[in-house]
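Order of writing sets the labels: A, B, C, D, E and F. Residues in every chain begin at 1.
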Amino acid sequence: MIDLLHRLYGNTGFGFLDWRMLVMWAVVAVLLYLAVYKKFEPLLLVPIAFGAILANLPTEGIVNKPASIVRSPETGEVVYVAAESGRVVHLNAVEKMMPLTVGDLDATTLQSLLDGDTVDGFGTGSLLYVLRREVPVAPKKLFELKINEHSFHLTDVLIWAHASGRVVDSSVEKGDRVVQGQPIGELHSERTGGLFHYIQMGILLELFPPLIFLGVGALTDFGPLIANPRVLLLGAAAQFGVFGTFIGAQMLGFSTEASSAIGIIGGADGPTSIFLANALAPELLAPIAVAAYSYMALVPVIQPPIMRGLTSMKERKIRMNRLRPVSRLEKLVFGVIVTITCILLVPPASPLIGMLMFGNFLRECKVTERLNKAAQNELINIITIFLGTSVGITMTGDRFLRTETLGILVLGVLAFGIATASGVLMAKFMNLFCKNKINPLIGSAGVSAVPMAARVSQVEGQKADPGNFLLMHAMGTNVAGVIGTALVAGFFLTMFGGAH
Amino acid sequence: MLAFYTTLAQVSAAAPPDLPSTANVVFVGFLFVMIVLALLATITSAIGAVFIRQAAREAAKAAVAAQKAAESARSVPAPLAGTFSPAVDPGSGTSGESAGADDSTILAVVAAAVHTVIGDRPHRVVSVRSTGPGWAQEGRRQIFSSHRVR
Amino acid sequence: MIDLLHRLYGNTGFGFLDWRMLVMWAVVAVLLYLAVYKKFEPLLLVPIAFGAILANLPTEGIVNKPASIVRSPETGEVVYVAAESGRVVHLNAVEKMMPLTVGDLDATTLQSLLDGDTVDGFGTGSLLYVLRREVPVAPKKLFELKINEHSFHLTDVLIWAHASGRVVDSSVEKGDRVVQGQPIGELHSERTGGLFHYIQMGILLELFPPLIFLGVGALTDFGPLIANPRVLLLGAAAQFGVFGTFIGAQMLGFSTEASSAIGIIGGADGPTSIFLANALAPELLAPIAVAAYSYMALVPVIQPPIMRGLTSMKERKIRMNRLRPVSRLEKLVFGVIVTITCILLVPPASPLIGMLMFGNFLRECKVTERLNKAAQNELINIITIFLGTSVGITMTGDRFLRTETLGILVLGVLAFGIATASGVLMAKFMNLFCKNKINPLIGSAGVSAVPMAARVSQVEGQKADPGNFLLMHAMGTNVAGVIGTALVAGFFLTMFGGAH
Amino acid sequence: MLAFYTTLAQVSAAAPPDLPSTANVVFVGFLFVMIVLALLATITSAIGAVFIRQAAREAAKAAVAAQKAAESARSVPAPLAGTFSPAVDPGSGTSGESAGADDSTILAVVAAAVHTVIGDRPHRVVSVRSTGPGWAQEGRRQIFSSHRVR
Amino acid sequence: MIDLLHRLYGNTGFGFLDWRMLVMWAVVAVLLYLAVYKKFEPLLLVPIAFGAILANLPTEGIVNKPASIVRSPETGEVVYVAAESGRVVHLNAVEKMMPLTVGDLDATTLQSLLDGDTVDGFGTGSLLYVLRREVPVAPKKLFELKINEHSFHLTDVLIWAHASGRVVDSSVEKGDRVVQGQPIGELHSERTGGLFHYIQMGILLELFPPLIFLGVGALTDFGPLIANPRVLLLGAAAQFGVFGTFIGAQMLGFSTEASSAIGIIGGADGPTSIFLANALAPELLAPIAVAAYSYMALVPVIQPPIMRGLTSMKERKIRMNRLRPVSRLEKLVFGVIVTITCILLVPPASPLIGMLMFGNFLRECKVTERLNKAAQNELINIITIFLGTSVGITMTGDRFLRTETLGILVLGVLAFGIATASGVLMAKFMNLFCKNKINPLIGSAGVSAVPMAARVSQVEGQKADPGNFLLMHAMGTNVAGVIGTALVAGFFLTMFGGAH
Amino acid sequence: MLAFYTTLAQVSAAAPPDLPSTANVVFVGFLFVMIVLALLATITSAIGAVFIRQAAREAAKAAVAAQKAAESARSVPAPLAGTFSPAVDPGSGTSGESAGADDSTILAVVAAAVHTVIGDRPHRVVSVRSTGPGWAQEGRRQIFSSHRVR
């Protein structure tokens, strides 16, 4: 019985606690405080934060991948095979980032890895193969390491088991050349993957963001935009926030792909950010999503000083004409034209644009109310729950507590600021030419952050002139910003997306 | 997009990828967004012009018809007509033109707000008195708030 | 930068536009007009039409399959292998039907295919293998073609890459014998499949139609049918529309399987049509679905002349007895008996019949209101959105703009006409024997098209005698038609379904 | 079904499949549907007969009981009973027997229609006056219309 | 045509009817009667019963697996290969349990299996391989059987085709050694899996129970528990019902895993029972689920006599203090602490506990009403439909009509009785020490069965003293029981879960 | 958990698994559940103590403030305040403290029950008279019943 108690204790999760988890609990507490008490986009931040709790507990059974085929991560030569058929392998109970190359290990660890199974400091991860990259990154690292009868370079890649199970197929031998993506072995287990492994598929397969956009489209009224199409330019201008942040991220040393994904935070559009981050920089998904949603909530804090600083009182008092009513047919025609134009210009944005305008068509055609309601409610609510928790579950301490995260958070604020300023300045610029003056305060709404930013415009406008109603005009700018950001996402995907 | 992949793939086999400079990306990208949205603005304006002209024609016709109707039916009172009119102004989402539409929006907002606050408890909206256009604006804002589900 | 602009332009979708797309845009405009302004089954036609817009834009990223295992489409001998491990292959940005056999290519194209990669007129599709069928279709085509060191027959099958990616496994060599379905290679890519690839799974795996039937069952009241079971015969008679169309399709040269799928249009039952078309003639899914839903909406136009032509005024004035109330228990017993009988008789119809009666049980048992509501609303609405767009996304110009489509549309009208006439005539026939006369106008409701056809019966009845209320009786015939069509679908699946 | 697959598979290995002629398929298929539905009709009638007899028995009993009750409680008036009666007639979907049930169906239809037309705007159905049985029929049709979600 | 009629008849399902199916129809009738007329948890029992109808009809197309890779069920040596590439194989139209070893066959059957394909008594199942286990179970069974040139032991394992289709890959040969889980062949077919094959994935992959718990959390108010935390001990005590039943099941000869899954019936928690049964004893899923849900409905019958027998009238009259109100913050803090504590202690319970508390957080934070509503309604309703039918579809006669099922049903009643008694006795025990006396009647609510058991406490309390309101206190015990049962499930998973 | 798998796997390779005896499992398992829930009870009590103390402080403050307010505004009547009060007592689910909250719960239950019984037919709850606290309890029970969706 003592033995049983011992076993029970050994199987609790206490042994897996580390300081990173505790820090992340504090981060979660802050997020929950902001969401629940400060109402910072709670619909997303609460699921994200709760997902992050689960990510930072020893919940191995909740995110683990199912045992399956092992693929070579690069093209190269197999220099060591530990995956003999029938061998039982296992994975850490909590997700850990394992060392990538032989150079990340010290000789003793490597020695014990080759001898046995368990390695201090890396839990119980099982090494399956060592691979020599075809094109070594840098010749200076080509130190050679001889252990037993094996010889390694420091740049040789370590391939670990991705799941607990049994090796049932090991089709390669030492000396074989393998290409990137080639199956080099197979693990098998009776156990299935964790709940969130399957839910996360909605992000990995890029299903959730377009479906959310279906609901967003069903919730969006493009009327103000159609009645005053000039605001499309304001929505375009605000995208400079994205490009400004892109420059900043490049300067901080992020890769081009990562910089694009970080830049899009400035678009203030949650699903688009997640969509792009998943495609271009999946390892940064969590901080980007958190930044995107947190700063959206900070719009009323970030924007007003910039708006006031860049405008004169006279400008802020400009009254704008009432918007004309827009008929059903006009809305439908607009929707179809936007769909065709945007998809022709940036095909990679078609899942987002296509679903957005489809949802809007369901809304505006007035003959599909059942579907419109379903898109606005059931569908978007259920997917929001799954999307939020899927993002949160990636927030392990290992991945989140890095200097990159800090950089992203700083760049995110910057992005919002630049976008706000660009929108306002564009409005002032357009006033140089237009007869019907535009109140520059609605320019800031181009950052998207629907409908927060539009409300800020309205509030600032009323501070200058209590009889001024800018809300509907700002809503136009707002939705223009959504289209603009989707275009920019498509642009980035065209430029940097899609390595094989 | 694929053509690009093709190019990239072919290039990458032979030489390191010729990624564009940051400045170029920013310039081209921003230009691209500006041009596309300007294009959309132009198209939308053009289409809008057609619809506006048509609406004007119809309004003129309707005015004539209304005048005739008014003349021929001066004695029939129509109380409550505004409130119970089942016809939905197709552009009511954006308009703000007619006082009637505004009123009904206000009513909707009040009812929704009451419902939100006291939930499923039974309630009867006994009377709603208009307190100026601010309400209507706030109502629209609340409706749009649903958008922030993202 | 010029270079960058150039690249950006090269990656827009303009290069992929062709005349078929433009024609399909017009088709879409017609469908949308019918759906939105003529209220032709808008709940299905709007999603179908919007799906068709996406299908006819260069939205490669929205429907593409993920890279995976390549299987041999037939049993035969491999005569050419271009899929060497590590090779990068790609797919057209827009879906194109690629040539099937060597005979569909000219010698120059074949030559350039063997030399390089890209072929004018076929985009950038990559040829992976050429396969010699074991049983050549016709000896007269056995011309031999010698290119480089390779020798081809005109009937040799071309196997193209199904996705962009890298060949990571090519397990067959020239001269190997392979059987149909055998894995002969594997493609791998970091990119996932498109959004609609995954949504379409609901049709391919035959999930959506039964789930729609779950909702339909929850929305259907079998009371009128139970109170007057004779109408089951009217519902049966109307199925002659299906068989009549089957004959017509056979005569137009469609295969037996395709004829069955086309015939079922006469059943006027959307989900059943989609279910059967997917199983027997997936390449005709789009026109069949479009015909089924469009004609359902045309019921008030197609039926009345036929009904009036086949009946005398005296017959149209027949009044029918009030229907007796049907108790809960009777409805439940009826549901279970229909389930057992139909499934025993035509097992392949069990997904449809089983789900229909399950939904109805949830409705009628009165103790599972939560589930009944969910089936009637959330579930059916969400799936309708996905089903419609999945059907629409298959409407590429390549597939839709063919003479077959025209034939199907003509046959569809025919089917509705025959079904209407059969129902009416059956009622007249039954009146020869029955004491309680049946108003033949309710016979036409046997085509299903719930509740459109029942309403037509009611309207025509009131034209003859304003005090005549046929609606409930016609509803009985209506739901009998639903059961009848499901049985016919099962019959066709029994006869022609299920080659391995 | 599988037996058929088996047959087909075994046959197809040896000889080309012996697909039936069009005429045969049509004849057998149509006959099949007719027979099955005729069978179902017969079963349903038989079951129905049992239920009808039982209902008759119960009605007779109820009539006796009602008569007794009426005699013992002649002085208690029951206004509004029809309108507020919470008991739902289990067969109300098909019946049409009792005027009360019909009335409530009408009310439901009116309320639903008003709701559909003016949406979430607050509204109070002040009064509904019956305008004949046509309404009820139309109401049922509207309810069945939901079916056309297909 | 006679031929056609013959074929049609041959393809109806009548040939597959057997007595087990008819018995199961009677079982279904009883379940439906209990659900519809006795209101025994109809939300689950109706779907389960309807699934069971489908399971006991010849609905092969509704549950069949798709053709795929064949894996070795054990480690051993291949002694016979019948899966030559290209061979067409098939599966029974109705699910049948096939013989497991050579010893389960007689020599004639084996002979005919080796000669041809079809075997009387086992339908048309195709034998693919025979495997010799590496460690023979018992030497006495090592009789050798020589047929043709092959030699078998009676303990050799038979590997049957899991789907109809064509063998497209057979990578092993006679004499090869294979490990458990190793791919040894592949079947391929154009036909997809059945509808319920895909729906059942929600149980097999353990997705449905946690998602149901998400909804349960959103429907649960932990307030009464927080206001009176002592009731947690009552919830704990009631878990003795689980352990008592575990002992009973062990004594009846069930395996340790099966005993755990059977014991958890005493937890009176449907999703937890399904979750644990799927993980530890999937073959017993149906009877366990049916017992769990049926007995929950029997709580008002089982509990009162036990409660009255164990308490004096004086005890039953104990009045308990009004519960203090609990603030939002307190509820949120409680939720997070329960999450962290329980997951740290029993990581395998994290999908259940995590989702339960996540749903509760959505409920209590008051800023995510959309998501809370979605979890309480759409999500839980849709999944309940699928969960119920998935459980029911496993209730084939083969599996259900066994003595084990009877044993499970008896043990289930026992479990409820013991749990009730334990809860009541624990309350009496606590009264020995506490100043604020606890009314022992609320102890019985610790079995979970929310809210049935709490209502029983209230009713019994009012029988003793009409002015006594125990409901809220009993609700506290009730939800404590939910947490307790989830912990026990985690404990069992820790002890017996997870062979590879 | 994994550590256990590891152990088990290593053991099973060498020797038959050393499964614990039934008695041991039961003893350890039951002890485990008791200890964990006792621990949770202790933590919850501790946290509760903090909240109770805080609530007491706030109540005291509120009482003082209320007294002042009452003195300064004796002449302003506030009819219907209870019924229409939009503020939701955050702890109302468990409490039962204030009569007002109870009343509104009753109203909700009545309305919900009426709606459940007569469905979508139009109805107006004309008047609800309280019939004692039993109603409220029953209402809460009904609300919790939704839980049995499991």
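Here is the rule we go by: contacts are C-beta pairs under 8 Å (C-beta built on N, C-alpha and C of every residue); 3 or more make two chains touch, one makes a residue touch a chain.
Predicted model only: the values in this text are computed from it and were never measured.
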Of all other chains, the one whose Cα centre sits farthest from chain D: A
C-D or B-C, whichever has more C-beta pairs in contact: C-D
Label of the chain whose CA centroid is most distant from the centroid of chain E: B
Distance from the mean Cα position of chain F to that of chain B, given in whole angstrom: 42
Separation of chain C from chain F, taking each centre as the mean of its C-alpha atoms, in whole Å: 51
Inter-centroid spacing, chain C versus chain A (mean Cα positions, whole Å): 37
Chain B, residues touching no fewer than two other chains: 1, 4-5, 9, 20, 25, 32, 124, 149
In chain E, residues with contacts to at least two other chains: 7-8, 11, 43, 60-61, 88, 93, 164, 345, 347-348, 366, 370, 378, 381, 384, 491, 494-495, 498-500
Residues of chain B defined as touching chain C within the complex: 1-7, 9, 13, 20, 24-25, 27-28, 32
Residues of chain A touching chain E in the complex: 7-8, 11-14, 17, 25, 32, 35-36, 39, 42-43, 46-47, 50, 53-54, 57-62, 85-86, 88, 93, 164-169, 186, 188-195, 198, 377-378, 381-382, 384-385, 389
Chain E residues touching chain D - in the complex, by the definition given at the top: 1, 3-5, 7-8, 10-11, 15, 60-61, 88, 90-93, 118, 124, 164
List of chain A residues in touch with chain C within their complex: 71, 75, 179-183, 204-207, 210, 214, 332, 336, 339-340, 343-348, 350-351, 354-355, 358, 361-362, 365-368, 370-371, 373-375, 378-379, 491, 494-495, 498-500
Residues of chain F defined as touching chain E within the complex: 1, 4-5, 8-9, 19-20, 22, 25-26, 29-30, 32-34, 36-45, 47-48, 51-52, 55, 89-97, 133, 137, 140-141, 144-150
